[in-house]
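Next, two complexes with chain A in common: one pairs it with chain B, the other with chain C.
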Partner chain A sequence: MDPNYKIALLENIILMAAMLLGTLATAMLRQFIKAAIALAFTSVVLCILMFKLAAPWAAVFELSVCAGLITVVFISAVSLVRPATEEERAAHVRFKVRRYFLLPVVLLAVGCGLSYMPVRPLPLLATTELVTDMRALLWGPRALDLLGQILVLLAGVWGVVILFKEET
Partner chain B sequence: MPSLLVILPLLAVLLLNLPLNFLRRLAQPAALLFAVYQALFALQVLPAGCTGCPTHERWFVNVLDPLTSVLLLAIAIVMFAAVCVLRATASDEKHGFNALNLMLLAVAGMNGLVMVRDLFSLYIFLEIASVSSFLLIAAQRDMGGLEGAFKYLVMSALATMMMLASIGLLLAYSGSTKFMVVAEALHAHGSHGYLLTAIGLFLGGLLIKSGVVPFHGWLPDAYAAAPAAASTLLAGIVTKCTGVYTLIRLVQDVFGPAVATQQLLLIFGALSVVVGALAALGQSDLKRLLAYSSISQVGYILLGLGVCGSANKFAAQLGVAGAVFHLFNHAIFKTLLFVNAAAVEKQTGTRDMNRLGGLAQKMPITGLTSLLAMFATAGVPPLAGFWSKLLIIAALWLAGLHGYAVLGIAASLLTLAYFLSMQRRVFFGLLRPEFAHVREAGWALTVPSLLLAAILVGVGLALPWLIGSFLLPVKGF
Partner chain C sequence: MNLIALFMPFGIFIALMAVVGLYCLIVTRDMLRILLALEIITKAVTLLLIVGGAISGQMALAQTLVLTLIVIEVVVMVTAAGIVIAVFKHTGTLDVRRLRSLKG
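The block that comes next holds the complex of A and B.
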């Protein structure tokens, strides 16, 4: 195997493992601020992966939309909760251990199983044409999706206005 | 022009939020006007019964087939009713205005969803409708609403993840996300393991979005906890569009009637019909009963669609026609029942059926229209629900799926049982003394009730015309 390919593969595996850890931390951390930082970390790692997989525009969108908007919404959620009592914290730790202890083991087993599974390669019928000009991509084949994304963002903004305005 | 159905709600949201007070007062009339425009647009293209009417525009080309037109009409009718309910039940002007903005965004999402012919665009419009719905459920920020929205959000995120993974696999294989290209590619190598996984993932995601058994956990909480107008929109059309319509469209245009798909739809359909009806029998909260009833009725739609792979081509066509017809009918009678639930809750302050009784004396319009909706849901002739169930059961029988046909008939009796129980506990019997002062709800709730009841009767009586003009032209297999 080409040594450069080996290094690239290793980098991708490390990045994917880091992303997995980031998502687990987002779901498991008790403090919202820490969970939001873990979410931002996940977004950054995903962004790097996208750059490496030759999808620079998707990476830019990931970084700007996810690391920006979602993190803001996440932090805003702090205003909706009260601090947990000692008893609730202890119960939460017990719950977390029960629920999440096996998750990494299961994921690892599934990953190993899939990598050793004898599969026929997917017969690709066509290759996706790589559009390198951002303007052509957005205002050409995906213009309708752009309109859709504006609507999603608008709904997100309304969500922040409705759910958090009075508390912040 | 189809694009206007997406652009106008977006423009309305932007304009209504300009810092001019008089624009806020125009918000509800503008939304009602838009619903009327959309209904007229759908009715204009519906009688032609054309599959793929030519439309000369850039975004939505040749999209106005009968299935899309029926859905556009249903969206318009339900939106009209939901805006009326909002007018009658909004706690204050600010909450009403916020909810109206979200409803407009949800409608733009649903309109786009039923008109696109591209998997990724479909996903984006599906997300618009879903995100707006989460916020509509949580808009009042009470614990029930937040819990319902959170459950819906979590299940929806799971469905989204499955659908995106599927789109990725299909894009890698076919080089495009357009329905036609993906369908051709699947036709060429559809039996490959990766592609079967992709189809399974997408169908799984859509079954979660449809709220069928066993993925239904979020649905009763979301419907019951949402404010009245939001639950009317959500139960009336949102889950139908984001789940059931998309399922019909993709099975019809992209995935095709494979045997595995057929079996999947029949099994989940049968489970939903029975479990939904049995669970509805045990409810005391009016909106939760209606939510479980929705699960059961969506099961019928899946049973109709499950005939799609039958060797008997007429049965397959009849099954899909029945599924689409029941989808439309369900949107109408479920909206009517939720409008009436809103009226009962507004006038009495409770949804607990054990605390209600005899309201038909004080609320005759609500009582009568509720009775009509109940008969339509249970499949009593000549109301619309009878014909759609008949089409589905006839298709199942013709396809040789006798067990499923008998199950459908038996579950109709269960439907009648839980609705009779509801009617008895809420509208019949002796009036409780504490409700002696109760009066009929205002016009904002009675007008949509009467309109929806008229549609149920009218569609039932007009079946001979509807069968030929738009039901059977819904593409068979």
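The block that comes next holds the complex of A and C.
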């Protein structure tokens, strides 16, 4: 095997392991602020992986929107709800052990199962033509996606306006 | 070497991330934690799309789809966070077990 390929593979595995740790921290940390920061860390590592896989546009959006905006949204939401009482914190720790004890077993089973799974080439769908420029693709054949994105954004803004409308 | 075999480690880690997200979604009763679990699953899907683009050589198409996914993800998260806050204002709790207003 090519040594450069080995190094790249090792880098990718380290990054993906970091990402998995970030997701575990997001799922299991008690304080929401720390969980939101762990999620932002996961997004940053995903962004680095995207750059390494030659997807710079998606990486930039992931970094600015997911690692930035969504973290801010979560922290804002956390600051608007009541902090947990001592009793709730104690109950959370008690239940966390009971609820999450199966997770390592499930992860190990899935990981081992997939590692020993025979690798078969997947049939890829035939495409009409290969477009390498993302901008040409986004403003050309996928232009309808942009219209959908605009509509979804408007629906989201409208939903938030309705939710926070002062009752008269 | 087969391209699928080259990207196999990605597949395993993506599956593990999705499992963590699904597990958290199943066991948690906190509405904000449910949103975090959805985010974890979305991250796994985002990486899956990019890896799919790298395997098929259609990276431009994959990036376009990821862009759309990110926009939808943000809108869903913002609206869901708004709903969570509104529910908290009405009920004073984030525990889904205590949301019984619509129970028949």
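As a working rule, the second predicted complex is superposed on the first by the 133 of 168 C-alpha atoms of A that agree within 3 Å, B and C clash if a C-alpha of one lies under 4 Å from a C-alpha of the other, contacts with A are read in each partner's own complex, and residues count from 1 in each chain.
One rule holds in what follows: contacts are C-beta pairs under 8 Å (C-beta built on N, C-alpha and C of every residue); 3 or more make two chains touch, one makes a residue touch a chain.
All figures in this text were calculated on a predicted structure; none of them were measured in a lab.
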Chain A residues touched by each partner, larger count belonging to chain B or chain C: C
Which of chain B and chain C A:Leu144 touches, first, second, both or neither: first
First (chain B), second (chain C), both or neither touched by A:Ala155: both
Which of chain B and chain C A:Val110 touches, first, second, both or neither: second
Contacts of A:Leu53 with chain B and chain C, given as first, second, both or neither: second
Intersection of chain A interface sets (partners chain B, chain C): 80, 119-120, 122, 124, 127, 142, 145, 148-149, 152, 155-156, 159, 163
In the complex with chain A, residue positions of chain C that touch it: 2-5, 8-13, 15-17, 19-21, 23-24, 27-28, 32-33, 35-37, 39-40, 43, 46-47, 50-51, 53-64, 66-68, 70-79, 81-86, 88, 92, 94
Chain C partner contacts - residues on chain A that touch it in the complex: 9, 12-13, 16-17, 19-20, 23-24, 26-28, 32, 35-36, 39, 42-43, 46, 49-50, 53-55, 57-58, 61-62, 65-66, 69-70, 73-74, 76-78, 80-82, 99-100, 102-103, 106-107, 110-111, 114-115, 119-122, 124, 127, 130-134, 136-138, 142, 145, 148-149, 152-153, 155-156, 159-160, 163-164
List of chain A residues in touch with chain B within their complex: 80, 119-120, 122-129, 142-145, 147-152, 154-156, 158-159, 161-163
Touching residues on chain B, where the partner in the complex is chain A: 6-7, 10, 13, 58-59, 98, 101-102, 105, 108-109, 112, 116, 118, 120-121, 124-125, 127-128, 131-132, 134-135, 138-139, 141, 146, 169, 171-176, 181, 185, 188-189, 192-195
